[in-house]
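Two complexes, one shared chain (chain A), two partners (chain B, chain C).
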Partner chain A sequence: MAAGLLSPRSLGVVAYAIVTTAMALFVFTGSGLVDTAAFVALLVSVHLATDAARIDGATRFVVLTLVLVVALPLVGVRNTFYLDVATQVGIYAVLALGLNIVVGFAGLLDLGFIAFFAVGAYLWAILSSAHGAGLLGPGFPLPPDAFFVAILVAVGIAAGFGILLGLPVLRLKGDYLAIVTLGFGEVIRVLANNLDKPVNITNGPQGITGIAQPLSGVAATLASPAVPGFKWQALVYYALVLALVGIAVTVNRRLDGSKIGRAWIAIREDEIAAQAMGIPLVRTKLVAFATGAAFAGTMGVVFAAKQTFVSPESFDFNQSIGVLAMIVFGGLGSIRGAMVGAAMVTILNLQILKALSAGLNHLRSTGFEVFGWSFANLPTQFEPSKYERLVFGVILIAMMLHRPRGLVPADRRTIRVDTSNETEREGAR
Partner chain B sequence: MSEALLEVTDLDKSFGGLKAVDAVSFAVPEKAIVSVIGPNGAGKTTFFNLVTGIYLPDGGRVRLAGRDITGLRADRVADAGLARTFQNIRLFAGMTVLENVVVGHSLRLTSGYFGALFRTARFRAENAASIARALDLLRFVGLAAKANELAGNLPYGEQRRLEVARALATEPRLLLLDEPAAGMNPQETEGAKALILAIRAQLGISVVLIEHDMRLVMSLSDRITVLDYGRKIAEGSAHEVRTHPQVIEAYLGRGVAAGTAGDAA
Partner chain C sequence: MTFTDMLQLLPPTLADGLVLGLLYAVIALGYTMVYGVLGLINFAHSEIFMVGAIVAVEVLTHLLAGTGLHPIVQIVVAMIVAAAVSGGLAVAAERVAYRPLRLSNAPKLAPLITAIGLSLFLQDAVRFIESLFGQFIRPFPSMPFFDRQIPLTPTDTVPLKSLVILIVAGAMLGGLVHVVHHTRLGKAIRAVATDRKAASLMGVDVDRIVMLTFLIGGALAGVAGTLYALEFGRVDPFSGFVPGLKAFTAAVLGGIGSIPGAMVGGIVLGILEVMIGTFVPILTDNMIGTEYKDIFAFAILILILVFMPTGLLGRPATEKV
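And now, the complex of A and B:
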């Protein structure tokens, strides 16, 4: 440490981050498969830099700032697509962190988590669109920058929905709980789909359009001097989501290392013993539901603003399963794992499978031949984006067989003490 | 025995047609070690579960230090000062040894959810104190050297000790131990005995134990209560219980009991 920031231990990660940043910025700036790989490699440096075993505190901060605040936005300005992917990853990372509290910490299998996301999204959609103005009357739609108030309101409302779902189902365990939460998720989706009559609240299957975007003034100011054609609003969302991810991680970590977090784990490990140690089961579980739901509600607001459009199909059962898959990939109860899982699943969906499709299509259209067989004969069904779920399932199976505790298994050591001075089997004599 | 610490009167519990606990009365004085024995299926563990709020009694009263705790939820019973261990060990296997004990102490913390979220001064002070206390308890049971290990990885005997430490962390007035020496070798049983005596001598906590190891029971207990088919059939000192004809009958059968009674006469 005397040599300043760079201890030998941190050197590997720093070098890696610099190389991947340079690659993504100057060499692989397109959208092909190799460019995607370079982008993923850049994201991996974030993963490495958050590993306390590989890097020292101060250096970590520098590397994370370099990659997240400098490199990624620069890559994004050159190619908006990457900025969009990074933002999506962030949104899903917060969702995964929320679900991680419910499923990973408290061990309550929730198959309808996306419902809370929908609650947040529809909240902002109704408050800030012309459709909502028709419904709510004068004073609406709210000004775009009421967005930040809406986020706080969404935290409260989604937490309320979490408690609403939690209250009737808390006496259920395991499979039964899972089924009820699945039902709840469907109820919210069906409500969104059908609440267009008698009073048109959600505008039914058509969804709500023209949702206000916050900080468009900031985006406009940024736009004047720089790159033509780039949508600066995307950068605003990136910054916003980055900040929210930071908050979500902090909340997760602080709760994990506190009485409430340990109570969640205790309930997951053994409900009867937990109660015998004075942990009130109902209240502790409700808090888990409410906290997880609040995360989802917050991101719902961001999602609605970013898309400027919401419709029921964004909140179907597959989405709930998708978020669950993220935390299972990453490792249940693992905070870094939830984020790795979110990045993996999102990039797989948005980039890798699509890039594979594009690659195959290109081969087909040019009639590329291998051993006398032309790619032009390739049936259209054989397109990766069409069997996305299959690839997904295969990866899940492989993961469960080989790394059942996820890519970044949860480290249950929130408190460490020095035991070097303790002697074995002493005391009680 | 003026005011008993724990006072159970006419406790009843039926499962279907089976009377698992039938009008059992029971008292534990301050700083006492009391045992509950009886053949398998006599209703000992059910009795513990009724007292600690895991089951709801059909009838009867449970008073702890003058306070009526009948039918309270298990977490409230723990809060009232009654802690327990389990016959089939129920540790939080995925947590560290230290964390298990810290969880036990969490019901005494006043700083809550937002305290943790904002890392308030009170939260940090309490958290540090809680960890220090848990470490002390681990030293008391002799597990401090393994504080950072996962509870599920401990050998059997140490898991039992850890359960005791976790229960002690709730700051109880009375500790119920359900078969603390089950499955232990003679040496480990000696350790368990020393620990139980230390709990009373050093911490001033009363102990009730269910145990099948008669040597341990006879050498430790101030008083012994014998249950059979859910009913209390005898109560008294080790000597009184050992020579009680109904107790011998319950353990060995009628013929043997008659024979022993004849020998004694």
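And now, the complex of A and C:
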């Protein structure tokens, strides 16, 4: 077996990464469908390079460095929109990895996952804004760089909420659990919407504005006259999210191979059998809930800081479903799948549907004709970007019917027992 | 507000609660029947209900308005059309999203996920179709006949529509109990619910029974949709979600899989919800407003599931290995 950079497959991946990087850097910088395609092609090289079974570590390192550390920031400096999309993909990738633990590994269908994201977001929003200062008194808002402490606190608080939800409902079977978590998600949203009285905690439907951004000093130092108008803060968030994605993937991989990870999968496959093998059901499920929630809480803090604004709208049922669609798309229980799903759904939402809408609008306004039928006749309601639920719905149904294991199916590592040894031993005896 | 004032509020509150509860009960029957037969939560049921409501409003607005027919006849026609469309849609949903999974060896979560997908799809598809013809929020056409007040107590009245809902929903519930307990079809449904494999060995066409269960549940949802539109005066593509969730709560409250349970659960939940929505704001001086009434419904759901997992009338389930 030829390992190393010289194996044909590795060479192919490196070549592909170089070509797509060059394309993204020198050919396309707009935001139409073709440019989106170039951007997606660039991301695909990350996907190809992370195929651990077929690509060796050195190649992976080279390609990931080239694409994530060199190409994407450069593309981003030329067109901030792409940097924003990449950051968004990263945020959702971590959310998807968190939900993947709960749904994919442990098989507990959680339809209110975004509630934990909301908890993290509101935590940082209240701690770091003028609104929160009015509520909490002197000493607040916290300095922007308390952000990193807030992330750690959010991990704990979100995990606490996970256990809070988990404790009463974990005796339930899958279907009941789904509906209760859905209810829990709604409860958190309704609370966020209405807790502006008697004490104004969440500022109700208006949301909280003026949330502090961390590391603005770094962004200011980076700022150079060479690229006027570029918001270096965006690059700071990109780097931050990239680091968090790295941590999340590592944690996920370690969990997957650990004792608790195997216990989750045992529970998913057959609860009764797992219990009979001595797996403590309640504790194992609670750990799943708490871990998944912690991922979401962390990203909530990042999300609040990045948007500098939170409102209950960002945490509705659609969002929970969006994250579910990501892991169903990628493959339940599959770590790479969760990342692929997050990238696909986010790009679909932010770029492809919008570009389609814009394209159709253009055809409509110019009265483009196909076989004598003018696009001017197309009803104005026909706007793909407004029908994300429809798209998610079709994705969920089609995937479950035709590829129930997703685009990148999870593969359990198997250990082959070498039977030749046995015979030898028998012979020796 | 004094205690006597609150006592005065009690009869109309109870009447409102009963009406709402009956609506929940009729929707809950669809959940509970499908669950009984397939062990599956039909998430899309709330959207099938919503489609029924919208079809009824469209029929009343565009086909029947101005025909001069008696309002009772109009509403009955609307109910029949809505029941037919919703029933058909439920059968189609079963064909497309559930049956293929039942026959293949799909993961356990698969039917739940397709059900959610179907529900999202229907919401947006209906929104799209409705928005082609103007606003997607549709008002119920003005029918003064149903707003006529009838005396309830010496001081209070209820609109006639409440009585209509009471009668129709009562008839639906009674009719369903009759079908399930006193006909061949009902016997087959109960057989499939008890043991699908054994039923098929006894000559029951399981696929046909499943289809008919979806048809009945869908038709009931269509009728409930018509009544809901009549009661609340407007519908939109998202107005199925919350009632659907509440109806599911009702089904769980009564013991999912149990038909009398769905009825009891619906009525109890409806009355509790209206009572809480009316009295808690008064008692807390509007500190906890009406907008929290949905939270109470979920709190009830969670409490029931924790302390009485099989509901009020459900049988305890033991799992054999």
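Methods note: the second predicted complex is superposed on the first by the 404 of 429 C-alpha atoms of A that agree within 3 Å, B and C clash if a C-alpha of one lies under 4 Å from a C-alpha of the other, contacts with A are read in each partner's own complex, and residues count from 1 in each chain.
Note that in this section a contact is a pair of C-beta atoms (placed from the backbone, for glycine too) under 8 Å apart; a residue touches a chain by one contact, two chains touch by 3 or more.
Please read these numbers as outputs of a predicted model, since none were measured by experiment.
Once the two complexes are laid over each other on the shared chain, residue contacts for A:Ile272 go to chain B and to chain C alike. In the superposition on chain A, A:Glu369 makes contact with neither chain B nor chain C.
By the touch criterion defined above, A:Leu332 reaches chain C but does not reach chain B. In the overlay built on the shared chain, the residue A:Pro198 is in contact with chain C alone; chain B does not reach it. Looking at the shared chain after the overlay, A:Ser258 reaches chain B, while chain C stays out of its contact range. When the two structures are aligned on the shared chain, A:Leu396 is found in touch with chain C, with no touch to chain B. By the touch criterion stated above, A:Asp51 is placed in contact with neither chain B nor chain C. Within the superposed three-chain model, A:Pro280 lies in touch with chain B and out of touch with chain C [touch as defined at top].
Residues 272-273 of chain A are contacted both by chain B in one complex and by chain C in the other. Those residues of chain C that touch chain A in the complex are listed here as 35, 40-41, 96-97, 100-101, 106-114, 116-125, 127-128, 131-132, 241, 245, 248-249, 252, 287, 289, 291-292, 294-295, 298, 301-302, 305-306, 309, 319, 321. Looking at the complex, you find that chain A touches chain C at residues 103, 107, 109, 111, 168-169, 171-172, 174-176, 178-180, 182-184, 186-187, 190-191, 193-194, 197-198, 272-273, 317, 321, 324, 328, 332, 379, 381-382, 387-390, 392-397, 400-401, 404-405. Those residues of chain A that touch chain B in the shared complex are 251, 254-255, 257-263, 265-266, 268-270, 272-281, 287, 412-417, 419, 422-429.
For chain B in complex with chain A, the touching residues are 52, 54, 73-75, 78-79, 83-84, 86, 90-96, 98-99, 102-104, 106-107, 109, 111-113, 115-117, 119, 123, 127, 131, 135, 139-142, 144-148, 150, 166-167, 169-170, 191, 194-195, 198.
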